[in-house]
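Each of the next two complexes has chain A plus one other chain: chain B in the first, chain C in the second.
After this line comes the complex of A and B, so read on.
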């Protein structure tokens, strides 16, 4: 380095390189996604922006016989015309996003049932996105003794 | 071992106009997360899962389900529908490896 100016130039390039991700970064092969990250990715908002509502009902076992196959059923009394979509998340799964359902008035009612995988004891969340842009949520904690993700 | 992508769809045989009914379906699919290791080789089994299921009533898209590998193997789905009119319910579903399938069901609506 001949001058201080050269040093700063080099430092600048290195800094730019790190910002572009050129610098080596050790990342886990399967990075676990947090609930908050999953919510931001799929809904664009965090948990704090979502209100709990007793208009949404979740049917799920309190204790899952098998983490590989947990039956869940979501229904809501919110009129179908007001609903855009339903999202299902499991907080503690490696990827908390499970499924989303985009409804139309032809569905008649907000209803969705499926079987999901759960890696560990965790809340199962049902989040409704309404056409006015707001979100409603209900959750139920399901205990898992034998995990079903990997 | 049933073929991957085969689906069984159940709807009521006869429907009255305006009736809200349940549609149930099961798709034969491994729904691999990509996190599981093959016990013999120790290598990770690649992710292979249904990504979405689209429902068309008389060619109009009425419901869309997006899924991750967090849905169980041989995924079961149930939704509700209003018996608006007789017609063809076409269900189109795909997985992350380019698998694409279609299942058609006739809806008979009286009244």
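After this line comes the complex of A and C, so read on.
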């Protein structure tokens, strides 16, 4: 956990760099990461370790009117007792990770609907983490149109 | 404690990009810093503006280019100051050369970060700066 003391230490290093005429390297909050990096960060596995499955269905528009607000709905026929969590990723977003949803048997079935933001045309991926440690995935390509308000 | 806060404000000032909402002031600063002016005309309820703000202005490469070569001024389309650029709608982007005192380019609509960045570079390279 970062403490206030750690933060001041970092600020001190930055100040020292400025005084020495060296531009300090400070990572911006919105640094881009790839899908593979995001998968490894959140799931601990890469795309090649995730099996595609027709047991998961993604309902999303093929052409989204605006990337600012894209409705998506994920459902699965996998028995809920076998499911641990659902993860949603958008390949081309600066940070592809969108959401993680934990499931328990009281949920009854795998169903999740939300609205997401998309920066560009990209596949939307729904990944189920099963209790045996394996992963199932489905994806749908959503086109984000360019446009404006008149 | 007080020194720490002042220090943090100083650090955030150094690394922040200043956006203006006054075109004349932005032009003065751009002249002083030998930069172009990018006017961003938006409206609060336009989803395409929200998309641009999040994914285009939030893009690392776009942000770096804007910091290096542009002074950005954001104007609400309902403001009188925005009318001088005769926007068709929102988002509208205007690139203004403060040295030649003329509009170099105007484009309307949302677009992805990479396209936006290449458009800025293309227009910038045709300007009096020629260094983007």
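We adopt the following convention: the second predicted complex is superposed on the first by the 115 of 150 C-alpha atoms of A that agree within 3 Å, B and C clash if a C-alpha of one lies under 4 Å from a C-alpha of the other, contacts with A are read in each partner's own complex, and residues count from 1 in each chain.
Quick note on the criterion: contacts are C-beta pairs under 8 Å (C-beta built on N, C-alpha and C of every residue); 3 or more make two chains touch, one makes a residue touch a chain.
Computed from a predicted structure; not experimentally measured.
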| item | value |
| --- | --- |
| Partner chain(s) touched by A:117 [first = chain B, second = chain C, both, neither] | both |
| Partner chain in contact with A:146 - chain B first, chain C second, else both or neither | second |
| Chain B versus chain C as contact partner of A:97, first or second or both or neither | first |
| Which superposed partner A:69 touches (first chain B, second chain C, both, neither) | both |
| First, second, both or neither for A:32, with chain B first and chain C second | second |
| More chain A residues in contact - chain B or chain C | B |
| First, second, both or neither for A:109, with chain B first and chain C second | first |
| First (chain B), second (chain C), both or neither touched by A:133 | neither |
| Shared contact residues on chain A - chain B and chain C | 30, 68-69, 93-94, 117, 148-150 |
| Chain C residues touching chain A - in the complex, by the definition given at the top | 4, 7-8, 11, 14-15, 43, 45-51, 54-56, 58-60, 63, 88-92, 108-113 |
| Residue ranges of chain A in contact with chain C within the complex | 8, 11, 14-15, 18, 26, 28, 30-32, 65-69, 93-94, 117, 119-120, 144, 146-150 |
| Residue ranges of chain A in contact with chain B within the complex | 30, 68-71, 73, 90, 93-95, 97-109, 111-117, 148-150 |
| Of chain B, residues touching chain A in the complex | 20, 22, 31, 33-37, 57, 61-73, 75-82, 84 |
